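Next up is a structure, given as structure tokens.
Labels run A, B, C and D following the written order; every chain starts at residue 1.
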Amino acid sequence: MKKIINKPESFVQEMMEGIVAAYSDKVTTLNGDFRVLVKSTPTKEGKVGIVTAGGSGHLPVFLGYVGQGLIDGCAVGNVFASPSAQKMADMIQACDYGSGVLCLYGNYGGDKMNFEMATEMVEMDDIETRTVLVRDDVASSPKSSMEKRRGVAGMVYAFKIAGAAADKGLSLEEVARIAQKALDATRTMGVALSPCIVPEVGKPTFSIKEDEIEIGMGIHGEPGIEVKPMMQADEIASLILEKITADAPLAKGDEVSVMVNGLGATPMEELLIVYRKVHQILSDMGVSVYMPHIGEFATSMEMAGLSITIIKLDEELKPLLRAPATSPFYTNANK
Amino acid sequence: MSLQLETLRSVFQEISAVMHENRDYLIGLDQQNGDGDLGVSMDEGYRAVAKFLETSEETDLGKLFMQCASVFNESAPSSLGTITSFGLMGMAKSLKGKSEASLEDIASAMSAGIEKIMAKAGSKPGEKTILDSLYPAIQVLNAEKDSDSKQAFAVALDAAREGAESTKMMRSVHGRAAYYGDKSIGLLDGGSEVGRLIFEAIARYLGK
Amino acid sequence: MKKIINKPESFVQEMMEGIVAAYSDKVTTLNGDFRVLVKSTPTKEGKVGIVTAGGSGHLPVFLGYVGQGLIDGCAVGNVFASPSAQKMADMIQACDYGSGVLCLYGNYGGDKMNFEMATEMVEMDDIETRTVLVRDDVASSPKSSMEKRRGVAGMVYAFKIAGAAADKGLSLEEVARIAQKALDATRTMGVALSPCIVPEVGKPTFSIKEDEIEIGMGIHGEPGIEVKPMMQADEIASLILEKITADAPLAKGDEVSVMVNGLGATPMEELLIVYRKVHQILSDMGVSVYMPHIGEFATSMEMAGLSITIIKLDEELKPLLRAPATSPFYTNANK
Amino acid sequence: MSLQLETLRSVFQEISAVMHENRDYLIGLDQQNGDGDLGVSMDEGYRAVAKFLETSEETDLGKLFMQCASVFNESAPSSLGTITSFGLMGMAKSLKGKSEASLEDIASAMSAGIEKIMAKAGSKPGEKTILDSLYPAIQVLNAEKDSDSKQAFAVALDAAREGAESTKMMRSVHGRAAYYGDKSIGLLDGGSEVGRLIFEAIARYLGK
């Protein structure tokens, strides 16, 4: 294992200390609890709070989206593991500015059950919550059982759009509606070329052969749809777009945003080569692209591979995507 | 057996010991179709609860179980860790106000616990989870509520063993294992083994 | 070789096509020449132009810094190879807004000779140029022969600061002076854990053993100072800071900016763990950190490893670092 | 030999053929202490020039060499590629206005070329570069300027060979090889072999 770390068991703690050391003018721990990150910038009273939670090892997801115009808090678990319900409850309490809190997170068993427990805990304090689950990964379950799908990079669009809606002063009901609407318009699929290593485990949890590519693999190494011989960039782009548009068709005149997301070890040059083909295919369909996102937005540490996300925009979602947003790990200022 | 703070201490110590002994075994099971953390989280969760009980002075079993649920979740917020907490919370409600519980009380508290799990985790027996060993065992326990504790838990353990074994033929529909679909058939569910181990530990305690 | 590409020989062309497809509102090719990238946003007449050039494979370096408040143009070579003098000359011509052009680039043989030829070419057209070379890599040559040092991630600070100076309307003389001053205050050193693969070569140009780390390796795999057994994050941070501060001492009360730069495959989590230690060491010395840069700013495709850059700030450099800057690959809006 | 457009065509065709034959050999040399692209860039650079000359109608040797310099640089802007362009530019200046060149003209043009390289690349013989084969060969050529061309270039080739060989004992101070410091001692410099191959090619042309 070749990781630039100290002790594996202090991986999350030291990462959090690094964040606080670097960005304390923007984000901070909740009352010194290194497992809950909140904004350190002021928040307008009455704004709907938006929170998320999840395991570590996916930066910028999840905590990287705590920022202005984005989400307000994130509870931080161990690598690939949910944080506890108590941390979530503390976070929800801290991110209630008087108009309730939207819990916006990926559809994973542990996170779901803990959030369920947490929302029950805060109900006692009369904090209103709504839950919207991210389930954008088309490879994780067929359309007939969409509710089982996992949440992957598409959650970034949901954070961005819901964050803008909350910033506009909309109600919890409305922010939840818009988050759900954005997610209903979002589809993602990924491919993986190499595994990643959970620091405490010290060796890859799965393996991919040198000449193979895993189609539809999850960001924790969940099995995908199929293993194929290594493909060229254009083939990968075409294959993913085919799956996505089969699931959520696009038509001439549609406008979308596209995210080409590196899983960790894949060079930016390669993401651009894939984007080139995605753009070509969409152009040929008469679909235009608004504010493409190319880079690393949701990773699995040193995993090689990428995912493509398509979100179909309309007149409500588009200005929300464009509205200013900035966190230490994300901004749309240059997009 | 009549359950009170002290009994609870010893029982959780026993469960914790059993989970620790089976740490690698459970990791191995979870690695087949999950992420391999099962042995770690069960070991840590039960150890934390056992340690908490060592010093706790709370005698209200309801409050005590509620605290155990929190402690478990704090130290092991994995899927099965959280499910375990749900179970403890369900038991807590059922035992509220009692500082002592009879076998009948225990059996119906366990039923309440499993109901809570099913409600919160959206699962039921037959879906290749911990429920497949817990559910039949708790059914038996309720049926045997008038027997001697040792005898009742012995029969319950048999049911838990059988239930765990039966998960081999099942297809996973919950958690990470569900992504393996038909490939999960033939594999023993790690969570169902955790359920069996709980009953193994209680039996071991009662046999002492 | 597991790269997400099409034909190796079209790597650079397709990467450039991806950039143009995604970002044509911000950057564009010069008269359709895919080897010269310039801003597509308007430039104030009379602003000093700033240009660079270099081989591909280091994104965001070099072309990623073509943007507002940054540099104006970049000539693009093949992977790890200089572009031709003619491309550079075309670029210089296009980026002369009437007040001359600063050529700001890394100290590499091929780039230097081509820029020399190019500046001679444009002299014919009465375009005034100045050259400032980036030589921030302390590992590449001892202090006694500093002029031989290679340019690495520190060039990003130079682009940023010189870009702000040019934006302020300063003269070519002044912009060159400030770029040089920024570089005189900048030191970088890196470590590599794994090699990278030039697409046309198809296999790693060098190798690093599974349990070893190469200290001071260059971004093209140039040999470093020494090969050591793999170290912990804190040791790496300490070692690099020692070398840097031995070369350019820091004193209590100094203010610096720090860049912890991933070379390609190293996860953000690990960069933060290293930043944590760097911050601690500097704090212990009484040195404060302004606007840390943690992420990927100068890479070598899929190489694993990182570099640390320290730039000592003063009252002239600090506001120039803070002045707004944005390109498709860089912004200081969230720093 | 009297040099004009047509001769130049044939000579560059010959050099291009020789570089192509030695492509892998040069890659191998550059891989020892560089990035391995030497064979690629020389092959491509000379091929481009040869191809350009095939159709060019320019008879002014000065303009012709200047164009060759651009063509070479466009197709091979590596270190040695650019150095080669500098050399061609130096020769261009010396041959300006001539549509025909004598051996003496060629020898002094080559001297001008090498001067240009030294000025622009900041290097001199003895530093383990292409200069170590070119410089002595061109010296000899100037000394033999009154001999028959074939004879003059044959002696020059001997000097180039010897010069290239002598780089083995030298320590690199320029380019990527310099980072290898003392480790470069003992290795043959790839660029100096390119210098020798140029003279091998001219000799082969004259021998035809």
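The criterion applied here is as follows: a residue touches a chain if its C-beta (ideal position, glycine included) is under 8 Å from a C-beta of that chain, and two chains touch if they have at least 3 such contacts.
What you are looking at is a predicted structure, and each value in this text was computed from that prediction instead of being measured.
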Set of chains whose contacts include both chain D and chain C: none
Between chain B and chain C, centroid-to-centroid distance (C-alpha), Å: 57
Length of the line joining the C-alpha centres of chain B and chain D, rounded to whole Å: 82
Distance from the mean Cα position of chain C to that of chain A, given in whole angstrom: 29
Contacts with 2+ other chains: residues of chain B: none
Shared interface positions of chain A, touching two or more other chains: none
Listing of all chain pairs that touch each other, if any do: A-B, A-C, C-D
List of chain A residues in touch with chain C within their complex: 2-6, 11, 14-15, 17-19, 21-23, 26, 56-57, 59-60, 67, 193-194, 210-211, 213, 230, 232-234, 236, 264-276, 279-280, 289, 292, 294, 296, 299, 301-302, 304, 306, 326-331, 333-335
Contacting residues of chain C [partner chain D, same complex]: 77, 80-86, 109-110, 113-114, 116-117, 140, 148, 201, 205, 218, 220-223
Complex contact set, residues of chain D against chain C: 31, 35-37, 70, 73-75, 77-79, 81-83, 85-86, 120-121, 174-176, 178-180
